[in-house]
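Listed after this line are the structures, all set down as structure tokens.
Look at the two complexes coming up: chain A is in both, with chain B in one and chain C in the other.
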Partner chain A sequence: MNSPALPIPYRPGFLARRRRAYYFFAVPALVVVGAVIIFPWLFTVWMSVFDWRIGSVAHFVGLENYIKLATNQRFLESIVHTFYFTLLAVILPLILGTAAALIFHREFPFRGVLRGIFTMPMMATPVAVALVWTMMFHPQQGVLNYLLSLVGLPPSLWVYSQTLVIPSLVLVEVWHWTPLVMLIVLGGLAALPTEPYESAKLDGATEWQLFRYITFPLLAPFLIVAAVIRTIDALKAFDTIYVISQGGPGTASETINLYLYLQAFAFYNVGNASAVVVVFFIIILALALVLLHVREKTKWI
Partner chain B sequence: MRKAGFALSVVVIVSPAILVFLWMLSLSLKNEIDNLAYPPVFVPTPPTLANFVQVFSENSMGLYFWNSIVVSGLATLVALAVGIPAGYGIARANAHKLTVLILIARMTPALSYLIPLFTVFQLLGLNNTLTALVITHLVITVPIVVYIMAGHFETLPRELEEAAQIDGANVWTVFRYVALPLARPGIIVGTILAFIFSWNNFVFGAVLAGRATRTLPAAVYNVLTFEQLAWGPLAAAAIVVTLPVLLLTIVIQKEIVVGLTHGGVKGG
Partner chain C sequence: MSQPIHDDRPDALRRRLLGAGAGAVALGALSGAALIQAQGSGAFDWKRFKGEKIEIFLVKSPRGDLLTRFHKEFEDLTGIVVGSEMVPEQQQRQKAVIEFNSGNPSFDVIALSYHVQKRQFAKNNWLTDLRPMIADKSLADPALDFADFAQGGLNYAVEPDGRVNSLPLNLDPWVVYYNKELFDAKGIAFPKTFAEMQDAAAKLTDSGKGIAGFVARGLKNANVPVWTSFLLGYGGSFIDGKGKLLTDSSEAIDAGKMYQVMLGKYGPPGVAGFNWNESQSLFLQGKAAMWLDGIGFAQPLEDPTKSRIVGKVGYGVMPAGPKRQVSALFGDGEGISTYSKKKGPAWFYLQWASNKMNQTRMLQAAAGAPVRNSAYAAAQSSSDFKAPKQWVECMLTSARIAQPGLPVISPVTEFRDVFGVALTNMINGADPAAELKKATADFQPVLDKSEKA
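Take a look at the complex of A and B:
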């Protein structure tokens, strides 16, 4: 490697041929992706214009599945539940994750070990986590109500209450995914330049001013990335909600995903479920694009 | 004073993470009387392994554990076989449009793959088989491996490969003997992340598996319900499901952090 920049001998079409050879490396993966990812997308759109329950004959119904969804009270409520859940499950982890990142950015004893412990929830199996939280939420024997009583608060019904079920599920989500936000923001903090701080300190800036006018604007792109990832994941949340509340009590915590699951695998109403998937995907895509647009415009921070 | 305040904030943010796991452990090591006591008993005295013995002897946890290893293991192997070359091709051909496909796949809810695949498996008579589960888990593992490997090959210097090419090696030889050995760290991260997210998946197993082919998370939910089982065995089962993943996480903690934050990859 004494002359690393040695040019490749040039022959007409050489580069194009080499590029084509590299594309061949992706062919096996493209076959798999085509079979298990792209085919399901196309098949879903196709099925969404049919009235079809598994085991019966499919009838072409055009856009009828979509029109029915637009007036389906239960589906519309599931959208509201999803947005409520998502709003809380994005904002709270962002605030707590940023706070945690600011803490872990500083030097202190056992920092590595403590950061390892802090990130453990993120990798834990959601079903296992959900089982333990179910026991913790129990109104009579649950440990959470005992903790409330220690600080003099009345017991709560948690996931057994129509009004508290979504905030309670958000609590699990916050516990589970704040570490991911922390890691993204921590990566952002590590990339910060040091010069602005030095000159601002010389000018007598307070700690809060440093955060508000230097750290926060420089972190904004990372916060947006965290917000996009969190939004997508919160919209898609399924395992913990399904295990802890099954969308109940009643339909109080039935999100789009839960409604979709029932339509598809309890009622085998494939046509209707496919229409739900298409609408759901458009919602996810739209929100992600809105957030990425905000990222382009983050000059205002 | 300032120092004490900082120490306190560290305790406040770290303790929820550790306390939930400790509570899980405590529940799994106590007998039923202590588990249902109010106020709660925190430290098992004396600790008992009876709950673990019960879930393994009465609920074929061993079988479900094996199913999970087979499904996640095979899905990860297939993903490596197709995903490592794909990542290399994407990085070297600068075909970054292909990674957009992966990002869209990342945004799609897992359930939406399940409906079409379930329908097709029904036609092929594959429902309730491990084969169907392995194929479905590719939805999780392939995007992770492709994404991480494409990113990793990007960071490798091209000079070595070009030198080998000048010496007459063809594209495949260069990949096999120059690029692949250098990519080992990326392969390790991709393998472990793909395996973990496949292992953690619940809904594919819950829908596609039969009685004997359930993966651990699906089995824990479907078989070990609150009606049949007490808290102790349930907590023990939860530990059996999630302990392998937590151990893997600890082993390659640093690399996982890099892999996760660069792509924000999460399966399912």
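Take a look at the complex of A and C:
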């Protein structure tokens, strides 16, 4: 077995043939991506330039659907609602989840059991969660107003008020998804090295300084991951809102998803709904770029 | 479609059926000959389509459950094999649209909600005209007897051009549930007019005790029938003969003002987000004096495990408006797909599903309010029938003064959405005239387009 390795013989066209062979292996992936991403996407763009309701003939209208959206107050408000909801539903779980993780990272009796209990909301079905919260929000019979009355506070209208509906929906979201952030951050904490803490303590650092200059910067990548996951979840939030408020009272909690659902599946207004999807996609794309940018910049922390 | 108040003796019904009136002319044409001939014939051959198989597409509901439970009985009677599918209401509506559009739906018989699907199905010609089969005495069971059907249901089954696209099964007129204890405590009688109703609500509202004088749906979309209940009493209607909306007329605005007062002033806090379930739970707790909604809630109200007001519930007919007394009506029935290749067996299924036995069962199981008048007497004679007598009377009276509670148009859901938002805004203080004007302007183009396409 000592025959020397033969050099690859140079033959014209060899590399080109070999490259062709590579392409062949990419075909299955390309087919899947084409069928489930590219084609639906192009088809959506195509539908968005038609005036088409299911059951009637489609007319080409060019950019009319988009122009109408630009002046459609209800749609524009739904964008504002989406951002308002997303902002609260990302930041609050992030803060509370991090705090919970810091607590559960310490040693104390029954830590394991308590940690398990804390993560339980995450396992519940969103629609079931929403139905239970709807009952708790009831302004006359709900348990939340009863609890408020116990501490001497006046009753609140919760999701039945146009101004409180989004914060109330966020409350459900926070209850449901803070444990997820906690788990991610807890994973991060477990992976942190102990040496920086020892040397900082020798130098006389306070607890706050330990957190601000060691824990927080080292955790930043995990926080970003949690923020990205929460943002995706909050942007696509539908079930909770649909079950609890149906976008109401009036249109006070109508996010883009709810508006989209109405247009597509209640009014069968496919052309308009497609235009909404395209606009929403552009918004998400822009947001994703911002998040990527933030991730690049996290070195400052 | 104006509809005078009728008595409901079978003879009067039949004369009415065979007589004048837009819907009745059509039915006269079909039933005059068909009914009499059919009733003259002897034994009816149910086994004619033995061995065939049909597919039924139902809505998941107590009624759908009930029919499905007795499919075996139909199979034994006819020798026809039944395959059935039950889907929740919203999904059923979506699936129906998609399947019909495909041109090859998987079902022969489909359940439809008249207030949502009637115009959509008729305009697209998705349902089979039943008249030839009703007229054919070898196909129509003599016991079909249209004279037994409540007029409100027949109005729903017949199209303006005379086609009969379905058989009605269930009616849902809107009524006023009231708390007799609260009324008695203040010495107030159940209101007979809108003015008395507002007056009673004012007197019964007691925010100190957390009691609302009135409760009904405030949540957009769901709330529209509350407003149309008022609108019909004020003498308003939805659309004129040329397809122009009448929803910003003075009657509509008066109804809007009444809606604003009844819910905004006498309704509970947060009513703008109430659907029927929130309203129901408030009423069940004895915290609302009146509740306007569909007639189908007697069962929970009389159930001691759910209700604190068992035996104290009054079932009142919708009070009269300044112009007339109308109960807003909803309902459902079954039709045969125009694409079906088994129309004969499917027609047999329709007749079986709407027969007296099944209609009586529906009432006994509290699964709905049957369209057959005879079912009420039949059910009451049975010992395990629990619904209060006043409920039955309320149902029969309401069905007589009933008119469609929503316009019979294709984009009903969008209508409810647009006007629902306007109504919710009214509860929160917006001007009814301005809101209705805006909603009408927004919706008119949608309606125009739906009728043109």
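As a working rule, the second predicted complex is superposed on the first by the 262 of 301 C-alpha atoms of A that agree within 3 Å, B and C clash if a C-alpha of one lies under 4 Å from a C-alpha of the other, contacts with A are read in each partner's own complex, and residues count from 1 in each chain.
In this section, a contact is a pair of C-beta atoms (placed from the backbone, for glycine too) under 8 Å apart; a residue touches a chain by one contact, two chains touch by 3 or more.
From a predicted model like this one, the values you see are computed outputs, not experimental measurements.
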If you stack the two complexes on chain A, which partner ends up touching A:265: first (chain B), second (chain C), both, or neither?
-> both
Could you look at A:103 and tell me whether it touches chain B, chain C, both or neither (first, second, both, neither)?
-> first
Between chain B (first) and chain C (second), which does A:162 come into contact with in this model arrangement: first, second, both, or neither?
-> second
Does chain B (first) or chain C (second) touch A:204, or do both, or does neither?
-> neither
A:154 contacts which: chain B (first), chain C (second), both, neither?
-> neither
Once the shared chain is lined up, is A:193 touching chain B (first), chain C (second), both, or neither of them?
-> neither
Counting touched residues of chain A, say whether chain B or chain C comes out ahead.
-> B
For A:250, is the partner it touches chain B (first), chain C (second), both, or none of the two (neither)?
-> second
Where does A:141 make contact in the superposed view: on chain B (first), on chain C (second), on both, or on neither?
-> both
Partner chain in contact with A:121 - chain B first, chain C second, else both or neither | first
Looking at chain A, which of its residues have contacts with both chain B and chain C?
-> 54, 140-141, 265
Enumerate the contact residues on chain C facing chain A in the complex.
-> 94, 97-98, 100-101, 120, 124, 210, 218-221, 268-274, 278, 281-282, 285, 287, 410-411, 413-414, 417, 421, 424-425, 427-428, 449-450, 453
Residues of chain A touching chain B in the complex = 1, 4-6, 8-9, 18-19, 21-26, 28-33, 35-37, 39-41, 43-44, 47, 54, 96, 99-100, 103, 106, 108, 114, 116-129, 131-136, 140-141, 143, 146, 175, 179-180, 183-184, 187, 225, 228-229, 232-233, 235-236, 238-239, 242-243, 257, 260-261, 264-265, 270, 273-274, 277, 280-281, 284-285, 288
So in the complex, which bits of chain B are touching chain A?
-> 6-7, 9-10, 13-14, 16-18, 20-21, 23-24, 27, 35-40, 78, 81-83, 85-86, 88-90, 92-93, 95, 98, 101, 105-120, 122, 135-136, 138-139, 142-143, 146, 157, 159-160, 162-163, 165-166, 171, 175, 196, 199-200, 202-203, 207, 216-218, 220-221, 226, 231, 234-235, 237-239, 241-242, 245-246, 248-250, 253, 256-257, 260-261, 264, 266, 268
Residues of chain A touching chain C in their complex?
-> 53-57, 138-141, 155, 157-162, 165, 245-251, 262, 265-269
